[in-house]
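Input: structures, listed below.
What follows is a pair of complexes built around subunit A, which joins subunit B in one and subunit C in the other.
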Partner chain A sequence: MQDIGRRSRRFDALDKARGTEQFATDIYPPDMLWAGALRAGVPHGIIRRIETARAEKVEGVVAVLTRKDVPGTNRQGFVYWDMPVLCGTRVRHAGDAVALVLAESRRALAEALRAIEMEIEPLPVVDTLDAALADDAPNIHGLDTGNVLKAATIAKGDAEAGLAECDVVVEETFYTPAQEHAFIETENGVARIDDDGTLHMTVSTQAPFRDRFEIGRALGLDPSRIHVTGPYLGGGFGGKDGATVQCLLALAAMHAKGRPVKMWWNREESMLAGYKRHAARMRFTAGAKRDGTLHAVRCELDYDTGAYAHLGVEIMALGMEHSGGPYRLPHLEAKGRCVYTNNPVAGAFRGFGVAQVSFAFEGMMDRLAHALGMDPLKFRLRNAITRGERNCAGVTMTTSTGMEECLLRLRDHPHWKSREAWRADAPPFTRRAVGVAAVFNGMGYGRGLADYAVAKVRLTGSGRIRVYNGVSDMGQGNASTFVQMAGEILCQPESVMELVQPDTDRTHPSGSAAAGRTTYTYGKALIKACETLRDKLFNRAALMLFVDDGSGFAMIPGGVRHLPTGRDLPLAALAAMMHPDDRISMAEHLMPVTPEPVRGGEAFTLGFPHLLFPYAAHLARIEVDELTGRVAVLDYVAFTDGGRVLNPQNFEQQVHGSVAQGLGYALTEDVLTEAGVLRSTDLCTYVIPTSLDLPDIESHAVETIEHTGPFGMKGIGEVGLNGPLPAVASALYSAGLPMTRAPFTFGRVLAALEDDQPGTGSEAAS
Partner chain B sequence: MIVFTLNGIGQRLDVDPTLRALDVLREHCGLTGPKEGCGTGECGACAIWMDGVTRLSCLTLAGQLHGRAVTTIEGLADSWDENEATDTTDQPPLHPVQTALAERGGVQCGYCTPGMTMVAAELLRREPNPDRAAIREAVSGNLCRCTGYHKIVDSIEDAAETMRKKR
Partner chain C sequence: MPLFLPTDLSETLALLADHPEARIMAGGTDLLVRLRAAGRTPGTLVCLERVAELGRIEALETATGPAVRIGAAATITDLLRSDTVRQRLPLLHRAASAFAAPTVRNAATIGGNICTASPAADTLPALHVMNASVELASRRGARILPMPHFVTGPGRTALEPDEVLTGVVVPVPRIFTIHHFEKVGQRQAMAIAVVSLTAMLAVEDGRIRDARLAWGSVGPTIVRCPEAEAILRGSRLTLTALTEAARAARRAVAPISDVRATADYRRQVAGNLLLRLADLPGRKPGS
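What follows is the complex of A and B.
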């Protein structure tokens, strides 16, 4: 029995270990065609000519499509509809699709793509925030606001006056790079239009239900005639939230005369056309009182959303909401700008706008602690937010708030206690340091967008329990947790459980796999559905056993038991007596939001602010090679408040994975572009951590109870990503190496080593 | 005609020998266990064994399979002589590395898992008693974006122990 709270094997693990789990990439329908897009290759320009005649003549080519073949709006997006399926005249980044080819084989496809002639008249390239914000910048989308997609200011207290009251004030500007999701399964799917005109698509997606509307709007199709199936993903992390292959694939299917079509971006195309984490520039001023009270923060955050909006505004909003850190901060003013450039498109990525500001606010905490002559952990502890207080954006924390406890636990960790001795023990030409970071991450969609799920569970005719999962599992393990939850309530072992993965015909709209909401929202709905089913089974059992009502029954593995008489009824026997419709139970859940207004928050119609937050305190022990500038993370410890832990194994998996991505973000990962053209086009030039680059990661749960959550849990998929960059930066800072630009490459660290005058920073943490 | 054994069964394939072995296995032989994560030798997701030695099938041509004994994740369990019925009821047997990855949380999205498993199983055949550093070294050509590797290393350590006990 996989009881809640017990460390247990994931439901999906065996099939994946066997290699038999069928991902979208593993589907090769008979008689299928291959589809592929021609990418602009030019970051900004006007298409003067596209000549497809030669490509059409390539043997095995079925169709070559351009803008004129796209019905509908030709616009992708789900908050802002600004991204063409196929560009007609204007090209806004090098990964823009300008033509689509259908062919019998991959080779014919590749040859045809090469044979398309294209002339693009280049326009000046807007490749930096400054270039985009300049008065004479080319206007990428023709907005009245220039290249500023959205500017907003939120405030709490009076930052100006607050800063004037401070005893110490520090200022700094921080920069974070674009980050690649680098899921191992690149974007892909298969699609077919059946005889009735219904589009069937199986795709690696985090949002199968919403995809229907995005495809429908872009291509003028009726969303109710679009059927999307979302099998397990080979990684997502935000990068498969919003159309990747979907609209192109649907367009291809529309020209395939009923044949199935497969589209599978190779790694280079994934890097070129796939979404990234927003690069950001963050100007911060922060002040504290002599007694160690954090008092005021003022910041300006600029997010580079690349050529298209995707969720850029919502991402910026989260950055602003978190910009004062997980602290009780009386005064905050956060200005945000979400800016178009000709860089690759930025979108959702685990840590959604917060990963960036975590570097900045924690960098300010280190600098303030130093200016105050205070221990950086003590300074954080002193200001950590607790329940009942307003957070930095002004929202009262009525929900579980474990920030302080995470920091207290970290304070007692041997790596923290022994930091001085460990540092003093550094080998020659090596600096050692220990850094800490306190982070949080809003959970759920936030206000303005219903965070909603519909769960369905069925007793099958053969007496098994089938859960109909409506939210994609991109690897985080929510599907397994759903089985565990249903098993817990219905008291059934894994062997009795079945699982249906998201399918717009069979499961129900439950939102996207995003925002740390996946297990929370669907889980709450599922608990209700299972309880209803259980009660129904008791009532039917009462009928069968001629007892007055359903009280006195209990679920037992494989059946129900009438406790007063000791009589058991197998589930299969109950199922046989029930109508198929009666064996189904459904329930829904809507995540609560805060009714509390944030000053300036009305600028955001959706996704702001949040009520629920997981918290984490991280520690990194690092060594810096003074000769090469190499930073090695030798030990890593994470304390995480995710409410109650439902399966410790899965909990640790989430922490490990997010920390690993965060360490990549801190140390090596950088989407390199030159005048808007991608330079890191493969996994050699875009370096994600290998097994040799990461330490063992110690994960500790700091269990609070989140009363609004299923079995007391809250989602921790994202918060762990926010810690590593600031924790490593904090260690570097205490080693006399203040860093303001991530990642901390050899070159940047060497430059910092050169700048380091004895006595300027190395005693910061002592 | 390419003649080889695949997971112990003889194959005669009439395919273009310049196709990638990975595509031939996946599209012609129906074995989609080997995955493509990069196509250029950087990720290890496509790892198979040829005559018991790990090869990246994305960098191998179909013609190079000729005359070889090829093992993919689908045939790994059978390649392990000591195999016996495992506790997974009516399910087919597993190699200890597969069992350990599943039990110890070494599997998240699972997309790197087949390649990782092949490499780890080869390591344990060569070196029954690797320490964590040796395990990390062995799988350093297999990228995993989900796990941070910690639990993969735990799993392989576990599998090594299981295999030592059964020897």
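What follows is the complex of A and C.
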């Protein structure tokens, strides 16, 4: 039975284990062409010449397209439309596409791409925030505001006056790197235009419904003639929220004379042209009262959005909204700037702007606790936000707020209680430390963009239950949870259930798989749809059984039972008498937003503020090797408030996955560029953790009830990523190694060790 | 693209004599990656995977004492599974266990690791400190070269176009009591060494009778440091002696900066790694 709360196997587990699940990459239609893009290779420049004649003559080449072949606006994006499908005059990062080739084979494609002659006159490269903000910086997009795409302020109380009232005030500047999503399945899809002009596309995407509008605008196509299918993804993490291959692939299909076209970026192209997490610089000033009350925070956040906006402004907005931490903070002033550079394009990534500031606000908590002579966990606990209080952005927490409980549970964990003894027992050349972090992550789109979903469920003609999922499942398991929800309400086992994955012709617009909203919003709609279907089945059964009405019926596996008379009716029998349209139920849901006025944020059109937050308290036990600077995370514990847990297995997998990705962010992952040119070009030079680098991760659910959520749940897809970086930093700080720049590579840690012990360090050094 | 799959050594040598342009492929874990990156289709390839005689690992007695002969096409997994290697050449076994990850170890060979001649090659420092020699064969005859004479620079070896590396002969270390290998990589598997130290020490009554040290990834080839070895000889395993040897080591290395680490880091850590050998309470050196 697919009951809520059960550790039931994922609905897709067997298909994936057997390799029968079809990802977009698995699709090779007959008579297919390959499409591929020529990348600029130069981070900033003016295109002087593109000569395609030689490439067109390569055997097997069907078409070589450039800017002049692009109809429509030639602009991709979904809040800001600033990214060309094919660059015509100017390139703004090394991964910009300047030509598109269609060929019969990959070999012909590669040869033709090499045969295109391209002359780009280089412009000065804007490769850092400082370079972008300099008075004489080259203006990348010709904005009146220079390279500042958006500057904004949010405020609560009076930060200036608040800081003046503090007994201790600390200042620090923190830096976080660009991070690569590094999903297993790189960006890809297949597309075809059929005889009636409809564009059919199967693509690895987090936003199949929105993709139609992005493609339509960029290429001058009617979105209603674009049909997108979104199978399971081999990972997304935000990197497939917004067009990757979509517009190029659609353009290719427009020149393929009805033949299907496949585009599949290899790892190097994914590294070069795919989206990254924004690198950030965060200047913080924070103050507290002598009694341990956090009182005021002022910060300036600069996000490097690379060559194009993507969701950079919204990402910055979330960073600002969370910059005071999950604490009852009376005074906050957060200033943000989202800045264009010639670096790789930054976009959505699990922890959307919050992963960056979590390092900064938790770093400030460690420094304040130290300045106050207070235990860092006690200091966090003392200030943890609770229900009924206004959070740091000024929104009253009217819903589940488990921050304090997460910290209390962590305080009682053996790893925390034994920290002094464990630290003292360090082997030679080793420092041991235990760090903690308290984090949160706004759920849903926030105000200004309706966070909605439309669910559909059907009793099939043969008496099975089919759920029409409208939100992509990139591995997080929402589709499986939807089956579980329908199974719960309709009392049906897995064997009776069917699942349709997102398809703009068959399922209904339900927003993107993003923002920890996926299960929450669609789940609420689905519950209503399933309840409607159930009531309908009872009423139709009443007709068949000649009873007065649908009351007195209960769902049983495979059918319904009339309890007063004990008579059963199989679902197949019900299905046979119902009109096909009658066997469908649909319902929709909108995530609530706060009606409360907040100060600042007028510059954002959407995405601020949020009402619902999952919370987490993390602990990392680390060892630092004094000879090499290597940081080993030996134990990891996560307490997570995601409301009620619908499936403990899926919950743990989300926590484990996000902690693993967060530890990579903390320790090794860094998209390195030099003058805008990528240096970490593949998974050999971009270092993600392996199983040997990760500790066992203990996951504990702190089950509040989120009354607005489906069965009391909140989304935890993102919050877990925000913890590891500050938790490891907190451990390092307590070991005498204050780190302000992530990741904590062994080179940086060795330098910190030398700073901490100049005597020993230089003796070992010279 | 001509591809040859000889089944014995004489056939292999004949192919190499007839096709001097051919490249030899054993596991292909390096070669195929580089060919793909270059975007070229390979020219002639002579593959060694079916030459069974090149895959053997055997203990043998030589004029100078016991040795182990390892066929060039023995995979890293073969080394790990070999009792002979584990018992007699523990350093090589340790290096093999730090090599990439199981799937790569199943394909990659010791001959390939030697001929690729990367300064970061995991098995090379162990072969250097154990004074291993390589066996080369061509239709013109066979020859034997000590490791340092064979690997002449990054990616450069003394292999002639018609020659194939058939095996490596490793004398079994006898007097050494400490076998120490440490690889510093950016992660615990699938990592290219940023610095590595391989050390063999013969400690008798608390004094170091003999020391052999080799560093990976801190110079164009494997770096030895006779000065540091001399400092250790005759002294005890104290932090003072090791610190002095570490200074000598930092002078001896010639590292570069790359995407993985700076030259300064490599130089510093090349010395630091020696301190791990200190005889300190709570830790057994070489373990």
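In this section, the second predicted complex is superposed on the first by the 756 of 766 C-alpha atoms of A that agree within 3 Å, B and C clash if a C-alpha of one lies under 4 Å from a C-alpha of the other, contacts with A are read in each partner's own complex, and residues count from 1 in each chain.
In the analysis below, contacts are C-beta pairs under 8 Å (C-beta built on N, C-alpha and C of every residue); 3 or more make two chains touch, one makes a residue touch a chain.
For clarity, every value in this text was computed on a predicted model and none was experimentally measured.
*Asks:* Contact-wise, after the overlay, does A:G747 reach subunit B, subunit C, both or neither (first, second, both, neither)?
*Replies:* Only subunit C is touched by A:G747; subunit B is not.
*Asks:* Could you look at A:G351 and tell me whether it touches subunit B, subunit C, both or neither (first, second, both, neither)?
*Replies:* Neither partner.
*Asks:* Kindly classify A:L692 by the partners it touches after superposition: subunit B alone (first), subunit C alone (second), both, or neither?
*Replies:* In the superposed model, A:L692 contacts both subunit B and subunit C.
*Asks:* With the two structures laid over each other on chain A, which partner does A:P502 touch: subunit B (first), subunit C (second), both, or neither?
*Replies:* Once the two structures are laid over each other on A, A:P502 reaches no partner at all.
*Asks:* Does the superposition put A:C684 against subunit B (first), subunit C (second), both, or neither?
*Replies:* So A:C684 meets both subunit B and subunit C here.
*Asks:* Of the partners subunit B and subunit C, which touch A:Y28 in the superposed model: first, second, both, neither?
*Replies:* It touches subunit B, and subunit C stays clear.
*Asks:* Residue overlap on subunit A between the subunit B contact set and the subunit C contact set?
*Replies:* 684, 689-692
*Asks:* Would you pull the subunit B residues touching subunit A in the complex into a rising list?
*Replies:* 23, 26-27, 32-40, 42-43, 45, 72-74, 77, 88-89, 91-92, 94, 98-99, 101-105, 107-114, 117, 132, 135-137, 139-153
*Asks:* Using the touch definition from the top, list the residues of subunit A that touch subunit C in their complex.
*Replies:* Per the touch definition, subunit A meets subunit C at residues 110, 114, 427-429, 627-630, 668, 672, 679-680, 684-685, 687, 689-693, 745-747, 750, 763-766.
*Asks:* Residues of subunit C touching subunit A in their complex?
*Replies:* Against subunit A, the touching part of subunit C is residues 39, 101, 184, 186-192, 194-195, 243, 246-247, 259-262, 265, 268-269, 271-273, 275-276, 278, 280-283.
*Asks:* For the complex, which residues does subunit A have touching subunit B?
*Replies:* Residue list for subunit A touching subunit B: 9-10, 12-23, 25-26, 28, 106, 181-186, 232-237, 266-267, 474-477, 495, 649-650, 652-653, 656-657, 659-661, 682-684, 688-692, 694, 696-697.
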